[in-house]
């Protein structure tokens, strides 16, 4: 590693780039541990109420559109792929493919959030399934269906909020990447946002079956 | 110095596997397995999550410490859900088995006719 | 300012003695260890005070056996306390069979108590001495806490579910009743009294106090008023005679015990649990039936089952 | 001014390296951020402390001397929220931890300096939001925000208080994250885990709790906020929700949070006892592992706050057993500290008095915890003044004494000035006496059954309440004295050399106040921690 270049990207409190890189990655993983516990609180409440009011949760889950959910899952996994390719491009110092992959990730993320809001949330709102706003469902198990939809909107809402924050940070990184600030010896910001993005994808990987596929559709 | 770099092809392989698993879990939802539906859905979700963790997030090649951090977070999640459910599962159980009931703590009750008029 | 100054609250229930003995034991353990620590520190502090700045005490790294000892002994003492306390708690958590059941409804900043014989009281509870009393409690708004220090009993009163507490008074007299869970502006005014009387006096008070019929009778009147008979008496709905306390098979295959919570849920949210072989046609009575009326319906349904007055399973 | 004092005066250190408000508000130097935190939490401590004095004055009379019950509820809620979330939790980790972790580790700064400054700004935003809630009508749900009271039966500013605490939680998370990465990745060469000072072990254990616990209370407060906004939520009994689930999620964090408050003080006491008896801590590994054991076991005991809350009997038995288990590591620590004094050379400067006071009061506080873990006794004393006495013995008797001990011990290192030791010892004694007079009567009140959070109480409790209020005024005086002589020492205190107490530890090998980059050249550690004895004793 050429010293002149290394000193520019090495923060003063670190000995060498390896220590800086490992610290950044460990810091990101510890932050992901806090995110696991943040979503964990919601998953714990969900697990308790699902066992208490299973018929209501099944009825609520059957009102969701599984195909849109599956497509959205595929979109999100696609954005994970482009994210990982972006990190690889940064490690190899290929500026152009880094920028294109970052933009692709932002696009796929925005598609996911758009499909979520436009085709699912708005649709459910029009059908009178938004608890607290206009919940008019009066079939059997009405109150636990309302509880299910409270969980549905809260969990997908918190997940969408994390997506939007991720897209915001990615936008900043695209500009910096365009200016060539990221290369083989300074890519921990890209790797950090990559870990965060994959984590948000994993949360959706668990949310999709737990919310859409309760009790099976037969 | 740059982190561990692996060929593009393996990323596409993992991407393909994830899509297949998504299709599988959606398909399995239309098969009537009774209570097993949930178990199957969760097992598939865990496989997908492990794939993303190992290959996309480079846990496979990273330092041991990162794996410990993730495993302890998951353990804490299991602690939260597990111990909270102890309360919710056992709340409807009768507080005390039958034979414990005649507790020796009862004070001597005066002659029955005076009290037990019921 | 000095009248009524005491160190230990009076012991007015069967379990008060047991709890106080455990409290004395814990205080003894506490004072013993505090004394050991304080005296050791004072002795060592005086004995090894710094005489000159040059002295360099030898480094003592540690002593494994000593560590094992002062981990083992506290573990032993703690185990004794745990077993003693848990035994007491488990035995106190279940009311004896022949206990009189009284219904308690906590409401923001007052206690409403209903005797099965129909007498209603506000912030006061008259009970006979030496008779186990079982309180079935719920709340209309926030979480309250029914606490009688003299009986060493306390239980939160949670909206949406029934909690249970029992005691058996051993002394007559007036004992303070507090609300121990913070419940809003006048939480500190939500006080009352438990008045323990001789059985004969209690009978006179009870008969004097009865204006309407017993709770079961009030429940029966309500049962007719709400026309429950049109379904539950004609086979369209499940018959209610003798179901209280018995397991009921639901249409999704599970069985539940028909206790107070089941009756309350079936009245407020009928579609939650449907009995096997019946259709979910029962309308909800949420909003038409108050907590007291629900308790009266439950008392009525209990009176339909043969072992009336048995503790709920 | 002696020549030594003269040259330390104009030598460049982190305080005089740069001047101006911008240099303080945009600093990434962990030492300056520690000073910023020190100012912030002292402010919150004064507001919370003033509320405490008002509470004690109000309780002089059975019918309440000053306030309406509604106003009294807002007062104790404010005292609780400010003291717990804005003084106790940040006090030692954010002030002492930020200042000392890089110095003790032999690094130039924490792993993420910008993140550290961000955590201070997040803390101030959370504090501002909570102070807004307090000034514009207060919040009267207590610091526990129990539902359904906090979600649908109160119309005070619960929303802004809950969001203020939610935001302040992230400052605690970022501090914990910074410490974990720093302690793992940036230790000086030769500084193995078992050569680290025990303060760092305590900081590491505290950071584990901050990382794994705080997010759960964050999401719980979000759910409370959602339920207040949309009048529908998972804790609302009308829709089948369960208020007891709120208590589970709240106490999952809030019990480990009380260990966030006490563990750093334990780390401080280990340092003070070792330094002032010039001896290595007895059973170093046991004290180190007991810190981590407390951090881990503290996550499975929260149910002892809910023994009478409608929780099932079997869950109560499980939590009672686990709660007894968490008491053992604390006992091991106390015994090891006491054993350290054996054959030592003990001197009684102010920090040592605070440390000995800590051990005494923490022992009494911890042992009364056994009362509350016992199911049968807790049924009687839950939500009474016995509980108030217990947690004040641990938090005020333990954590605040530890914090003051730390402040007095590292004050020369932070400011380069010494304070008058006589006054400091007097203050420590007054605090010890005032504290016991305030909180011991509360144990007796508790067993008599006086409920917590009562604005009006029966006359038979008045005697003990008057004693408690008298003690509170003595305690207030005790806290005021250090404020005076410490501020006085900034200007007139004698200049402190790099190591006024003759202590061991990397932070004492650099100048005081230390230069911005902490060490001229990074130290190499060759001996074990607390190597006070002759050289050959400490080969490791």
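Order of writing sets the chain letters: A, B, C and D. Residues in each chain are counted from 1.
One rule holds in what follows: contacts are C-beta pairs under 8 Å (C-beta built on N, C-alpha and C of every residue); 3 or more make two chains touch, one makes a residue touch a chain.
Note that the structure is predicted; figures quoted are calculated from it, not measured.
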Among all chain pairs, the one with the most C-beta contacts: C-D
Centroid-based (C-alpha) most distant chain relative to chain A: C
Inter-centroid spacing, chain C versus chain B (mean Cα positions, whole Å): 32
CA centroid of chain C to CA centroid of chain D, Å: 35
Cα-centroid distance, chain A relative to chain B, in whole angstrom: 21
For chain D, residues that touch 2 or more chains besides their own: 184, 212, 216, 238, 240-242, 244-245, 249, 252, 310, 313
Residue numbers of chain B (touch at least two other chains): 65, 72-73, 76, 80, 84, 92, 95-96
Residues within chain C bordering two or more other chains: 15, 18, 90, 92-93, 269
Contact set on chain D toward chain A in their complex: 102, 107-113, 115, 173, 177-178, 180-181, 184-186, 211-216, 218-220, 222-223, 226, 229-234, 238-242, 245, 249, 252, 517
Residues of chain C that touch chain D when the two form their complex: 1-9, 15, 18-19, 22-23, 26, 29-30, 33-34, 37-38, 40-41, 44-45, 48-51, 53, 55-63, 66-67, 70-71, 74-75, 78-79, 81-82, 84-86, 88-90, 92-93, 108, 141-143, 145, 147, 149-150, 152-156, 158-161, 163, 176, 178-189, 191, 269
Chain D to chain C touching residues, read off their complex: 69-70, 72-73, 140-142, 146, 148-149, 153-154, 237-238, 240-244, 277-280, 282-286, 308-310, 313, 316-317, 320-321, 324-325, 327-328, 331-332, 334-336, 338-339, 341-348, 356, 359-360, 363-364, 367-368, 370-371, 373-377, 379-380, 382-384, 444, 447-449, 451-460, 462-463, 466, 502, 530-534, 537-538
Of chain A, residues touching chain B in the complex: 1, 17-18, 21-22, 25-26, 29-30, 32-33, 36-37, 40-41, 43-44, 47-48, 51-52, 66, 69-70, 73-74, 77-78, 80-81, 83-85, 88, 91-93, 184-185, 187, 191, 194-195, 198-199, 201-202, 205-206, 208-210, 212-218
Residues of chain B defined as touching chain A within the complex: 1-3, 5-6, 8, 11-12, 15, 18-19, 22-23, 25-26, 28-33, 37-38, 41-42, 44-45, 48-49, 52-53, 55-57, 62-63, 65-66, 69-70, 72-74, 76-77, 80-81, 84-85, 88
